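The structures considered in this document are given below.
The following pair of complexes shares a single chain, chain A, combined with chain B in the former and chain C in the latter.
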Partner chain A sequence: MTDIHVTVPKEKWAPVDRGAQDAEFIAAPSLTYWQDVRQRMWRNKPAMASLAFIILLILAAIFGPMLTHHTYYDQDLKLSNIPPIFEVYKTEPTDASAQYMFLNSGNFKLYEVAENGEILGLVRAKRKDLMKKQHIYVFGDAEVRVDYSQLPATLVDGDGNAIESIGYRWNQTNWFGTDSLGRDVLVRQLYGARISLTVAFVAAMVNFFIGVFYGGIAGYFGGNVDNVMMRIVEIIATIPLTLYVILMMVVFQSGFLSIIIAIGSVFWVDMARIVRGQMLSLKNQDYVAAAKTMGASTKRILTRHLLPNTMGPILVTLTLLIPSAIFIESFMSFIGLGVSVPMASWGTLTAEAVETLRAYPHQLFFPAAAISLTMFAFNFLGDGLRDALDPRLRK
Partner chain B sequence: MLNYLIKRILMMALTLFLIITLTFFLMHAIPGGPFTSEKMLAPEIEAALNAKYGLDKPIWQQYLSYLQGIITFDLGPSFKYPGVRVNDLIREGLPVTAQTGFLAMLCVVALGIPLGIVAALHQNKWQDTTIMAIATMGVAIPSYVLATIALYLFALQWQLVPTFGLDSWQGYILPVLALSGFWLSFIARLSRSSLLEVLGQDYMVTARAKGLHPQTILFKHGMRNALIPIVTVLGPVVANLLTGSFVIEQIFALPGIGRHFVLSISNRDYTTIMGITIFYAAFLMLMILIVDLLYMVLDPRIKLGEKAQ
Partner chain C sequence: MDKQPHMRDDEVLMRVRDLKKHFQVSAGFFGQNPKFLKAVDGVDLDIRRGETLGLVGESGCGKSTLARTLIRLYSPTDGVIEFNGADLAKLKEKDLAPHRRDIQMIFQDPYASLNGRMNVRDLIAEPLEIAGIGDDKSRTARVHELLEVVGLNKDHANRFPHEFSGGQRQRIGIARAIALNPQLVICDEAISALDVSIQAQVVNMLEDLQKELGLTYLFITHDLSMVKHISDRIGVMYLGKLVEIAPNNALYDDPKHPYTRALLASIPIADPVEARKDNQDQMQGEIPSPIDMPSGCRFRTRCPLATDLCAAEEPELKELADNHKVACHYAE
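Now for the complex of A and B:
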């Protein structure tokens, strides 16, 4: 053996800089699971925006209809099919004050408006020249003609020169325009939101309180319990939800309450099946066996091991089932089995818009946007929740 | 395995029997007979009609003869179309519904799963973002809205495809698109999240450490596990494609079963409603059985039909 002689220079023996110890120090406070979830939720911008949207929608659905004098059933056939945005034209008779108007190109009607876009009323034509395809209107000594010999219809003055528009105005009387019976679209949208949100709420409750427990118990106990419970679910599930809801609507009269009953009575089935499927594959996993070996009670295994691990699929399913409940309601209303007239649901609003699709395609926009945005919001919220709840994504 | 299959088929028969009973009595609980309408029929005519369709017999007798009919695959006459049997309606509508449904199913599986895999393998890259943006849109937009917008744009505005009918192959594009849109997106999202979950598992690291071929890892270890939650929803997908066809067949004027069904509802044609419901239920039970069998093949840990310890 040779002597190993290592010389360490004197200065290397200096005490460690105290600051280096700070590297070992855990700076972030220790967070509980739910604190962590909340933090990660906050950082997820689309999810928070969706949450804000849903809260706004709920507020608008509750308070919106109270803030306006329009109702969902008031008809005014004179003011039918008015768009939310229109091009305003101006004519200046020498003997009267200036007139503002807009032309509804779908039905060739002329409406008098204020300069800011408030609708004052329908203008009656002085004369209708069917040969030249013109409607002639008179304001004081000025003449305005609606010329529909060539589509789209245009506004011309008495000499046949086109009148220049003074720009687009937002409809101040009916912000979202009116439908084919002259009802305010915005208020009808808000009532549609009420219906959709109620359906969503009922579906969520039923899923959470019946679906999860039912599926959990069936999956965990297995054997005969599972057999009997799943046969019941199978019987309900073999009739597709939509079909079942349709049957219910045929038997009871169609209406809002029937929809709620129909959706509420079967909507937990999908959830039960998914939770059961998860339980089936989870309960044979090693950590459950380990917990059992250590003498954990059934309740503890269920609530501490199995349920938290199924929470991801539960939430994902829930956030997909809520929009699907909203969808089923609007779907039923769309095919004419949902809420009864004059009640408005997003489905009936879409169906009404489809009838006038060729003449007024813009009417499809609001109900389609409303239901799609709501679906979007629930989906983003679900995605965000799933990511936030997943302990494996914890940083 | 064979025992399990026999047991399942017996259960299916029982379930079907319960469904038949339920729909039969539900339909007979509706106030007003099938011949009640705005036009008052002469009492003799109504009595004759009732006698012809056996409605004058006591209800249990009607029930028994209905059951007897179903055993011989006869769903009875339609109340609204004289001389037409429900079987004829189904036979006539089935090819249309089956064709569009099958194409839609093909789209869902053959496009949805690969898109999900691509997104998962390129997590947070542009492929993922693009696919998920489209898939999120597909999940959010209801089929009837998608169908209407597509109809308006492609058929009315740009006139690229016919507005209705299935006379040419172009006619299939919009209905199949509208029908499969939701589930295609749903399956893509599900495959992505499911595969991502599997990719994070320890056995994937082990497989890589063993030096397995990346493709072997992905398909033998990754996809086989990731497919389990996907297979779970395939049963409901079939169901939803069927019911989705109601509104799609309505919008595109396709003469399928779904259209007959919706028509029979507004016509209050009870035997047709009953017949189609039972037909759907039988079909779906078959699908769910197939899904459960697939389940066992995919995950040997699931022991269906065997008693848990």
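Now for the complex of A and C:
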């Protein structure tokens, strides 16, 4: 092997600049904390869908009732128990225009509808044949009979032949149908959403402020402060909520106010316990000691170091407490301790629907769906938020 | 190899006298006969300006408690901590504030000592913010400067601690500790959690910083080879007391306390012939509980030289040679 001498001229040498050395480190752009949170949140599809659902629900609860002439208390007994979707039948008398109608198989009543599904009114029977179990309606020279000798009731013509339906139509007058007093279910549902969301909001606020503050203080100071504060929490936690609401109703009359106060004064104890537990373990961390050696105030240590690190469990607890507050309100209303008639909440709607469950199962569907979807949405959102707020999960 | 003191200045920066920190471990029945864990039980120590004072001892001997008491994370039970003309031991939290910036700490676990929710910029800027130095912009500039000083770069400022390796995190912790130009930096096992190769880097950086900024270090460790490398003087602690303190070379060449000899004997020897030799200085038994301490000399239960005198009377820390103090009846 021969030695190879390569001479590089002096002017070709130059110092490597620092940026080039570190190029491999700068693979991903640096993001601020909140940019990062937003990005991770956005990527979480179930959480975003839940957020959209909750926003939609809030908007609908606020503005929905303003956009319709229906009110939650207007009754129309002639149009009671109308389903949201029905089968439309057509009869064509030779001397008059075509008639569209649908049969409410629950109460054997016949309604006149427009072809698109708008309800025009109840049709009076010309005659009722109780022997044959038939109601006879006459449109011009055409005859239509509701035959309920065999259930479910069917629609037959004058000769006893079944009338063919022209298909299903969505109820254009009451999108979600009406209840047993002829009130619009959709509007009542939206009023129910107002109540449930109010309860959720109050529970969340009370939980967050009282629970976090109380638990934070107890956990951070520890010792006797903690002992006394936690015994108080235990006393509050042992009072049964139902009993509490009933006692409140004696004082405040209104069921809704009692529920709000009861949930507000009892629900924060879980949060306080969780925050306290977190504080107890976090306050001995070295970064808290480091903050103390810098001379950080108690307030700073709590707000900059301890609470942000407790945020995950706080959010998870919060999002579990919100649906359970909604559920408690619904439950209380369901057993008759909630809002008073004619005001509607999801719980009272459910209770009313259960009474007519056999004849009109669809009345239960909407409040039940509202309760479950809302609870799902809050749970998904909470999980998503917890993941997004934790920079350790950043990929 | 052994390092010479950077300054021949003998000015005492921190004077500690009879410092005690006892923890109550059980209240007893209705407050009677409470039991105390005497983690630090009468330590006398002078930390000189510009020096590196090493502090060694077994786990549980009270090194970390001493460090945390000196920096007033714990309130001392008794004793004096003289620093900048004030007695830190007696000051209330709010009166401590002006002294806080002069004493800073580098923690053992770089994973636990940085708040994972804050980015590097906020972590390093925090001491500046608390001390009310500068505005947001000038603090950011200072953070960038500090990052360069500890061998990181300013692009790291927006990142979070979990994105860094242990050594890099410890650098962030060091940048935070020196942000306020403190006089005394307490390194509590600051390198024990790092890989050996990284340890050397960090120790060299600490030495460079000391030269540049005129820092004084109290370097606490159980790693005897590292403490030999970095320290000017070394103190040896046993069960809450200082048993020997001497200049670096004196301690390694002529250990006077039997405990120090035992510690030095426990350093593994690379030469198998040497290692096989029976070593008389090897200790027996376990370290006694700091709740029920032996009478007299604390080391007597494990000491090859122990006599009745040791059980009856506790030896005082006496200066036997120049700057070499030992607490043993039989040291000469």
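By definition in this document, the second predicted complex is superposed on the first by the 341 of 395 C-alpha atoms of A that agree within 3 Å, B and C clash if a C-alpha of one lies under 4 Å from a C-alpha of the other, contacts with A are read in each partner's own complex, and residues count from 1 in each chain.
We adopt the following convention: a contact is a pair of C-beta atoms (placed from the backbone, for glycine too) under 8 Å apart; a residue touches a chain by one contact, two chains touch by 3 or more.
Predicted model, so just to flag it, every value in this text is computed and none were measured.
By the touch criterion defined above, A:A296 reaches chain C but does not reach chain B.
In the superposed pair of complexes, A:D286 makes contact with chain C only, with no contact to chain B. In the superposition on chain A, contact of A:F331 is made with chain B only, not with chain C. In the superposition on chain A, contact is made by A:V251 with chain B only, not with chain C. Of the two partner chains placed by the overlay, only chain B lies in contact with A:R358; chain C stays clear of it.
Shared-chain residue A:T68: touches no atom of chain B or chain C.
Of the two partner chains, chain C is the only one that A:P308 touches; chain B does not reach it. Residue contacts after overlaying the shared chain place A:F380 against chain B, while chain C stays out of touching range.
Counting the residues of chain A touched by each of chain B and chain C gives the higher count for B. Looking at chain A, you'll find residues 392 touch chain B in one structure and chain C in the other. Across the complex, chain A meets chain C through its residues 18, 22, 25-26, 30-33, 285-287, 289-296, 300, 304-305, 308-309, 311, 391-392, 394. Contacts from chain B toward chain A in the complex involve residues 11, 14-15, 18-19, 23, 26-27, 29-30, 136-137, 139-145, 148-149, 152, 156, 186, 193, 200, 228-229, 232, 236, 239-240, 242-243, 246-247, 250-251, 262, 265-266, 268, 273, 277, 280-281, 284-285, 288, 299, 301-302, 307-308.
Contacts from chain C toward chain A in the complex involve residues 68, 71, 73, 96-97, 100-101, 103-105, 107-109, 112-119, 126-127, 130-131, 153, 155-160, 162-163, 173, 176, 180.
Per the touch definition, chain A reaches chain B in the complex via residues 221-224, 226, 231, 234-235, 237-243, 246-247, 250-251, 270, 273-274, 277, 280-281, 283-284, 313, 316, 320, 323, 327, 330-331, 334-337, 347, 350, 353-354, 357-358, 361, 364, 368, 371-373, 375-376, 379-380, 386, 392.
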